[in-house]
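Comments concern the structure below.
Chain naming follows the written order as A, B and C, and within any one chain the residues start at number 1.
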Amino acid sequence: MTVNMTPRARGRAPRRRLGLFGTSVLGAAIGIAFLIPLWWTAINSLRPGAETFRYLNPLEWQTFLTLTPTFDNYVALAGSDLGRAILNSLFISLVTVIFGLAICATAAYGLAAFQFRGRGVLFSVVILSFLIPFDAIAIPLADMFRDWNLQNTFFGLILPGLGNGMAIFLLRTFFLAVPEDLVEAARLDGLGWWGVFWRIYLPLSVPSLIGAGLMLFLFQWQAYVWPLLMGTDRAHIVGPVALSNLQGQFAVDYGVLFAASVILILIPLVIILGFQRYFIQSVSTTGLK
Amino acid sequence: MTSRLSSGTGVAARTGTAARRPRRRSSPLLIALAFLAPALIALLVLRIAPAAVALWQSMFQSGLLSGDRFVGLSNYIDLFASPDFQGALGVTLLFTVLINPIQVAVSFLLAVLYTKRLAGAKIWRSLVILPIAVPPAVSAVMWSVIYRPDGLANAFLDLFGIPPQPFLTSPQQALVSIMVLLSWIGVGYWMMFLIAGINDVPRSYYEAASLDGASSWRQLWSITFPLVRRPLAFVLVADTVSNLLVFAPVQILTKGGPEGSTNLLMYDIFTRAYTLGDLNTAQAEVVILVLVTVLIVGVQFRLLKAED
Amino acid sequence: MKRSRAASVAAVAIGALFIAGCSAAADDSGSAEGTLQFLGTDDPATYAPVIDAFEASHPDITVEYTQVPFDQYSSTLQQRLGAGDDTIDVYGVDQPNLSQLAAQGFLEDLSDLEGEAKAATSEGQYEINLYDGKMWALSVWNSTQLMFYNRDALTAAGIESPTADPEARWTWEQIEEAGRAAQASGTQYGLVLEQIEAYYQLQPLAESLGGGSGIVGDEMLTADITNDAWIQAMDWYGETFASGLSPRGVGGFQTAPIFSDGDAAFFVGGPWDVGRMAADADFDWGIAPMPYFEGGDAVTPTGSWSWGINTASKNKDAAREFLEFAAFDAAGALSTAEATTIIPANTDAEAEYLPGLEELGGDRAAGVADLISFEVENTAVSRPTSVGYVQFEAEMNKAFADIRNGADAAERLEQAASQIEAAWDKL
């Protein structure tokens, strides 16, 4: 008897309909709840900074909506370093993703595709070493980089983001799921180990590669302490630092700060939303079982 | 059986009838190491070397007035004897034990929710994922506004007749408030990984189970949960690690207070190094944090160890 | 702070492969010409006027400014100066941190300029740059605190508003009473302090009662925050929150909007708030002197930024010219306050600046120029000069936050004292 993959029969008991409706409402409510803080921020970016805290309590419709939006805050950012900071951040993050994926994927392959004694130990050592918190070793690392004249260079900003223990872990998890007989057959065919990596493992692991790429990207995009330590002259300024620079010593114009935040959020947002489809769809081994 | 390979080797169709070519005799270990080489170099330069320096520095004291001197384990002893550090250690352990299971469970349940056929599932799902794109400084400001005594949270509670809560100004509520904040940021991110894992489970399993009369809940526990163990394990470990490194919301919102109730280790390290200027003791604390992390992750690995 | 070079030497061998430097090296020249690298925490627009004016009168020197976010400034300084970074020539020195930087050897000795410095500014602003018998920086900006009041709110409560006359200064007790009356007739809060948990803001409370700055001793490394005056001041402070006179849970930059949105009867803020209130407040407000405790002294906070020269700089002569321009030259000093609202430390520049500030505030700010001059000359008490100030302030601010949130003042101050002593032991 074959199993049809048909959508659920519509004529089912009303309880199921109600259940489906209930979960839809729940899903929507949760989504909206998560959106509220961002929405509030975006709305306040369209108001003058002086009005930011005017409509907090009690809740009024103005808390979440404004009938007189103004783009002054965004215009005020035009003269600031934010534009260059965003370009710098993008550049650094993208380069990190490309080279970082290369390093992490090859490492994950080395730890997944080969059987040798001590594999588990090596895996543990690699992962655990990358668990050393970056912010904590930032100072000695910054001193070392300074000795090598890497301060104020893009190279110095990119380098620490290249090895990411969690990305290796993620990729290895997926690599382990690649069926052995596939690899066997390829090897019998004369495919070298690099070929197996490039032609079998990588294509089968696109979702995990995207996931790992996302991790690498976000790590670099949010980096704040490291760029400061490496000396950010105006040519090398990055997004989070430019954002913090908007917080003056004596006052903060929250309208401008929020406008900058909205702009700074847009890019990872677009990337995440764009890639989540590919990431979430399974491109994996159902057909190969 | 269809092949999903786009490369032109046509491998899957073969069943090994081709002439066997002699296998190369290079040891798998050496080849594996070749692939691991770039990562190992990165590891050495970017983690091991500075960590060694940190370990070294943790055994010195270099005061403004007293100069550099070797003190051995004295910094560690001072740390363990200091009530502030003991508090930070306790807070961090409590935090770890609470937040990780909760976040993983919530991510899992949300992943289950959003893989059902809901109206607009993709949209709501995207909204939940959004917060990970927000820079820490900005999310801290957002939540400072939410948690103000006259802020959005109390305004919402007021709608339900609940009296205003102190949130970040209460030693009892502050840590939980931070946990909620971190969950808002991270849960969607982990949910993504779990959705990918859930989507891996073939629909046929569910169909078969439905035909057998199994309820949704039952299917969840007997089918979904066991089959997403690997992604769940990954999420648990990665989440634990990232939560042990939290400090931005603490730095911006509570500064470790009220009364040390949010004084997480990473924040304590940061202030010790940068504000108090006691770099050496901070490095000692780093070493301790790394050991704690390794220990916790090690335990998790052991518990979750699958057949590999 | 010295760093162990052992591991780095070994790593340099590997590092040689990685060198891809394009480090920003400062121009190398002996006498007063070249490019100066200037580091600070403000928006570049703030320093544009003084840099332009300086470059106009010193055509051989160019100044390049880099901003570092305020909350990371001192840690960034520590790291970069500690590593002997020569890409910083002139940098802003947060005045209370001066002794630490001087003791660490990060500031160039400027004692030969002492005579000029003394003549250029007030006594307090001259002395703040002294440590260990030498002078290490030049004061550029100064500050004080003012009390803003919501006249509409006070009138609605039937209370006569204070005036800007320092002789008719209100007491904290009077403020409290008037604040509560305002709350009774509809204003949300009675009192809000701008830097509500900061030592800068709260030092005067204890000083007014005679409790001293909290740091005593020949070395200025003994904590004295558990005397009766400190406890009394902190009890009063904690009580203002427990009773609802002041709000809990609202941080640094969100306090001024409480007043400008009309939700507080009294607000203690700085000169930078004058223009802000003029722009944002849509009710009738005024300015009065900062209060004191009944039976105690009138004390106001003071001090702001000095500029110093990095000992590792390769452009010290040019750096000196820049410093002298901003501190001694009246026009130069005035230009430092052109794009921001702050009081120049230079006395002549201050005299010229203040009337402009009063105009900025409009009618409601009448009398602010005289008031500020008075406070700077007569009631200003600087933060203590101590090598351990940074640690002291960090622990005090945490204590203030806890007291604000309900901790018992005496106990919490005891705890802070031992935390401070522990931190100082490591010096």
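Some notes on this structure:
We take it that a contact is a pair of C-beta atoms (placed from the backbone, for glycine too) under 8 Å apart; a residue touches a chain by one contact, two chains touch by 3 or more.
As the structure is a computational prediction, the values presented were derived from the model and not from experiment.
If you take chain B and chain C together, the chains in touch with both are A.
When the C-beta pairs in contact are tallied for A-C and for A-B, the bigger tally goes to A-B.
Chain A and chain C have Cα centroids lying 38 Å from one another. In whole angstrom, the spacing between the mean C-alpha positions of chain A and chain B is 13. In chain A, 53, 139-140, 143-144, 159, 244, 254 are the positions where the chain touches two or more neighbouring chains simultaneously. Shared interface positions of chain C, i.e. residues touching 2 or more other chains, are given as 3, 7-8, 11, 15, 18, 254.
Taken residue by residue, chain B touches two or more other chains at 49-50, 53, 57, 145, 148, 150-151, 273, 279, whereas all remaining positions touch fewer.
Residues 41, 44-45, 49-50, 52-53, 56-57, 60-66, 68, 82, 84, 144-145, 147-151, 166-171, 253, 255-259, 271, 273-279, 281 of chain B are the ones touching chain C in the complex. Those residues of chain A that touch chain B in the complex are listed here as 3-5, 7-8, 19-20, 23-24, 26-28, 30-32, 34-38, 40-41, 53, 56-59, 63, 102-104, 106-107, 109-111, 113-119, 122, 124, 126-137, 139-141, 143-144, 159-160, 162-163, 165-166, 168-170, 173, 176-177, 182, 185-191, 193, 197, 199-200, 203-204, 207, 211, 218, 222, 224, 239-240, 243-244, 254, 257-258, 261, 264-265, 268-269, 272-273, 276, 279-289. Those residues of chain C lying in contact with chain B across their complex are 1-4, 6-8, 10-11, 14-15, 18, 74-75, 78, 100, 103-104, 188, 247-251, 254, 387, 390-391, 394, 397-398, 401-402, 404-407, 419, 422-423, 426-427. Here chain A touches chain C in the complex through residues 50, 52-54, 139-140, 142-144, 146-153, 155, 159, 225, 228-229, 231-234, 241, 244-245, 247-252, 254, going by the rule given at the top. On the side of chain C, the complex with chain A involves touching residues 3, 7-8, 11-12, 15, 18-24, 41-43, 66-72, 76, 79-80, 83, 85, 87, 253-254, 256-258, 260-261, 270, 272-273, 276, 279-280, 340-342.
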